[in-house]
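Below you'll find a set of structures to go through.
Two complexes are shown next, each including chain A; its partner changes from chain B in the first to chain C in the second.
Up next, the complex of A and B:
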């Protein structure tokens, strides 16, 4: 009996957006009196950072500091329609809608500024610190707050914009399955290193190495949280979780609380080493692809393959409980004996 | 500042043009401060005066005819205000995906003459307190006649299996087909030409989203007669529109306020709690709260579907996969919810990120007498990836080939035709494999190192 080590590999891709499309999201942007910009949505931030990332999209497009942007969301009385936060669609769909709305608002912003400065709007640019300035003559400039005040109280214009993103729905051909399911694909490759105790059947994941191709990491800190949390979730699916331990034969012994529904604790966590690659998607906001779901997927087969490498047992049924490892080892021994 | 995953800019450097000010910077999450200081408000932090509580009497059987429902015991419990049965639900039958044209409506909000899974809601009890509501729900008496239950997806499709669905089949029907199909090339010819046939069977059990905050809502009647729904839904209008359809009220009579979710993962995309909480508020004229207990979250809320996946590959001795046949069974449980959609997504994902000239895929959305499954992070893909990537390792072992070289040899590239007949673009499988190999010092020969997603080598 021994502790045996193994390494396993898996590589995956993952589609961005609801399968077959047809899942719109809208955004509205307007300036307040002194140059705040409100992004109005009905989208739900699940804690993955959607509000933060769309504020970045708005600030980048408008050309104003992030502090000038407020996101008002998840109220159906005020926010325009969003299909929902799922299918790795939030950043892609809502980000695109916000960029479209912010572009329209920016055009008005520059026209109002042009009238104040008595120049052509085409000759203006934003400097990202809160000023609109004349290209080539940066000393001729006006602050966004003055532009907004002028729009409200002198020029009588609304600095606002509307945005929507929709991937037109695709209908599969029933006979062949021909279809256009996705907007783009993100990619990941996981290498898992495990230890397997061939006496107890317990698998310990020692290290996970991951490369993720994400299109563009709009916010590398939030993207890091996504990929590390996702890898944890994949590990948890692989080794621990089931609502029906005796699936499919019996529905008995289903866990009713977290004491019985096992998930990895801090001591079960592997070291994680991750790298991002960026191949921007032409239809993504600043090239971003949806990565929220993909991150849980590659660790599962990588762990299974590492267990095979360690002890020669091919785990074909999730989760990979010690019982399944031990039964696999028994079969191997019986095979050798036979 | 938290830890940052490095971006390796040596890959795709010609495509990464763009000079940004705010994009690409590690701005702190806007909700982080509120979460760590306890100032974030979740829906349960709302305590409107006169709040009532909804608890459910649930089926104790996997599959049964309901002979009699006696609610008199519930009404005798002090504090119980009202019981709600299917007769009180204006449009009792629904399927959440009807908003995008998926049918038929196959699930009752509250069971009528039969139950299809253990835990199916039969009667809702509205009371002054949670305890009274729970006690009232426990006092409801239901007489059943058990019917044969189907708990295995392949048994559900076998000849002579008891048919559990009113639509007449134990599977969703895709435009006349029992499964979502992909047909590309000629898989039988591919098998005939292959040096080897390598098969595998893979499966999974259902799992739970396990959010820290259970699914729930509080509905508050407004002075103007509208209902304000404070919900942790992942999709505000999805919830609003489905709730309005079930209640038979104009959508303008409802307002969903949400946006703070203590863990979603796909579990808060079903529309389960809001219709009954709204009905409770309408029938009592008081605010109503319906939130799953932890036990309900574990055993009654939708799971990730269990899947059975069979893969048959035709493989050449040099590692080229020339044919792949995938048969995939999704255990939808008793009702559709989002599973017909997820099964099509599973089909679209096959045969994985590889270019294989002959592909044959059958994905079945199968009904059984268990808790309905529905959306979950990686919907339609996660278990498929487990099967595909375990199988790739199996193939590599059978051939005695390095598992990364096998993948690189078969990796899809820009311009390749996918099995669902879309031209691949923006691919990067080759590069994530090359990068991951570097992370662990896995040696790749020069011809594999030189591979690129953007172009295929000649020959």
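Up next, the complex of A and C:
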């Protein structure tokens, strides 16, 4: 009887967004009197950081500091339509809509500034710090707050833009089933290192190495958080989470509380190392793909493969409980004896 | 049993409410005083999202009949920031991306605050034990552990330089005194 070590890996390709017979998200951008840019959406930030990322998309497109962007979202009664935050679609769909809206608003911004500076709008550029300036003569410039005031109170114009990203409907070809279901696919691979106690059947995940091809990581800190938080959830599914013995055998005795529904806590964490490969997607906002849901996927089969590597037991159903490991070991021994 | 008048020292201010025998501390905070930082997650003491400090010790407020804590000091996440200025633990949670959906965050911060008030130099194991009654479903815990350790370090650095910001100042009078003899969490899984 011994603690046995094993290493396994698994890879995943994951779609960004669905088709849904046509899947749109819309965005509106407008300037306040003070030169703030409001991005109006109805897309919900569940904590994945959508507000931050769309603010980055708007600021980058408009050419103004991030602090000038205000994201106003999640009122689905009054906001521009969004199909929702699901299918790893938020950054891709909403980001694209925001970029389109911000481009239109930027055009007006430059036209208003051109009238104020008495130059041609095509000769103007934003400097990223809050000024619109003349190309080649950067001393000739005007701050966006002054541009906004001029638009509102002198020129009588709205600095605003409209954006939509539509994943167009795609009907399956009857003969082949072929269709266009998603916008792009992100790819990932996880390597898991485990220890298996072949006396107790207990699996401990020591380390997870995550490699993600995400198009472009618009916000690497948030992307890393999503990858490692998702890997925790995958680990939790792999080793602990189950409604057994209550469900589906008896619906009368569902899991009653967190005492009966096991999850790894802060003392049960593996070391994680995460790396991003950036291959910008042609149709993504600044090249980004979605990585929302995929992050819980690869760790599970990677852990199963690592257990196989450690003790030769092939686990095929989650969670990988000590009982399943021990039964597997018994079968192996019986096989050898026979 | 009739309703009774309960007095709490809530985030430093004396507050009264009329409570039924079954009214929980959490319900008093959220429904009577409008302090919705403490969250009603499982309502069984199992998730820690309702954690507040009760006389300096972390407690799952969903399990505590408010009539049983008459006269006690209650600190919630709303009491930490000084206006718009976050306290050091809150700021560390922001700096280290220790929050995603945010539902567990107030309880996590209160558990961490209780730890740092009684143990200025916690080990990683101290941190994981202190937050083991708080369930997080998003982050995988690592950023939270990092944030708490970082907050402890910056608080020690601040103390070493003789610099007292308002948050540290507040802790050194009153609240901090109580925390020194705080032994264990009051109830539920917060005890680990």
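Going forward, the second predicted complex is superposed on the first by the 321 of 338 C-alpha atoms of A that agree within 3 Å, B and C clash if a C-alpha of one lies under 4 Å from a C-alpha of the other, contacts with A are read in each partner's own complex, and residues count from 1 in each chain.
Just so it is clear, contacts are C-beta pairs under 8 Å (C-beta built on N, C-alpha and C of every residue); 3 or more make two chains touch, one makes a residue touch a chain.
This structure is a prediction, so every number in the text was calculated from the model and none was measured.
Q: Does the superposition put A:263 against chain B (first), chain C (second), both, or neither?
A: It touches chain B and chain C both.
Q: By the touch definition at the top of the document, which applies to A:176: first (chain B), second (chain C), both, or neither?
A: The answer is first: A:176 touches chain B but not chain C.
Q: Could you let me know whether more residues of chain A are touched by chain B or by chain C?
A: The partner with more contacted residues on chain A is B.
Q: When the two structures are overlaid on chain A, which partner does A:225 contact: first (chain B), second (chain C), both, or neither?
A: The answer is both, since A:225 touches chain B and chain C.
Q: On the A-aligned overlay, A:149 touches which partner chain: chain B = first, chain C = second, or both, or neither?
A: It touches nothing on chain B or chain C.
Q: Quick check for you: in the superposed arrangement, does A:233 touch first (chain B), second (chain C), both or neither?
A: Both partners.
Q: Per the contact definition in the header, classify A:12: touching chain B only (first), chain C only (second), both, or neither.
A: The first partner, chain B, only.
Q: Using the touch definition from the top, say if A:81 reaches chain B (first), chain C (second), both or neither.
A: Only chain B; A:81 stays clear of chain C.
Q: Of the residues on chain A, which ones does chain B touch that chain C also touches?
A: On chain A, the overlap between the chain B and chain C contacts is residues 46-47, 49, 221-222, 225, 228, 230, 233, 257-258, 263.
Q: Looking at the complex, which residues from chain C come into contact with chain A?
A: Chain C residues touching chain A: 42, 44, 46-47, 97, 99-102, 125, 127-129, 131-132, 135, 137-145, 189.
Q: State the interface residues of chain A toward chain C in the complex, per the touch definition above.
A: Listed in rising order, the residues are 46-49, 221-222, 225, 228-233, 257-259, 263, 265-267, 269, 272.
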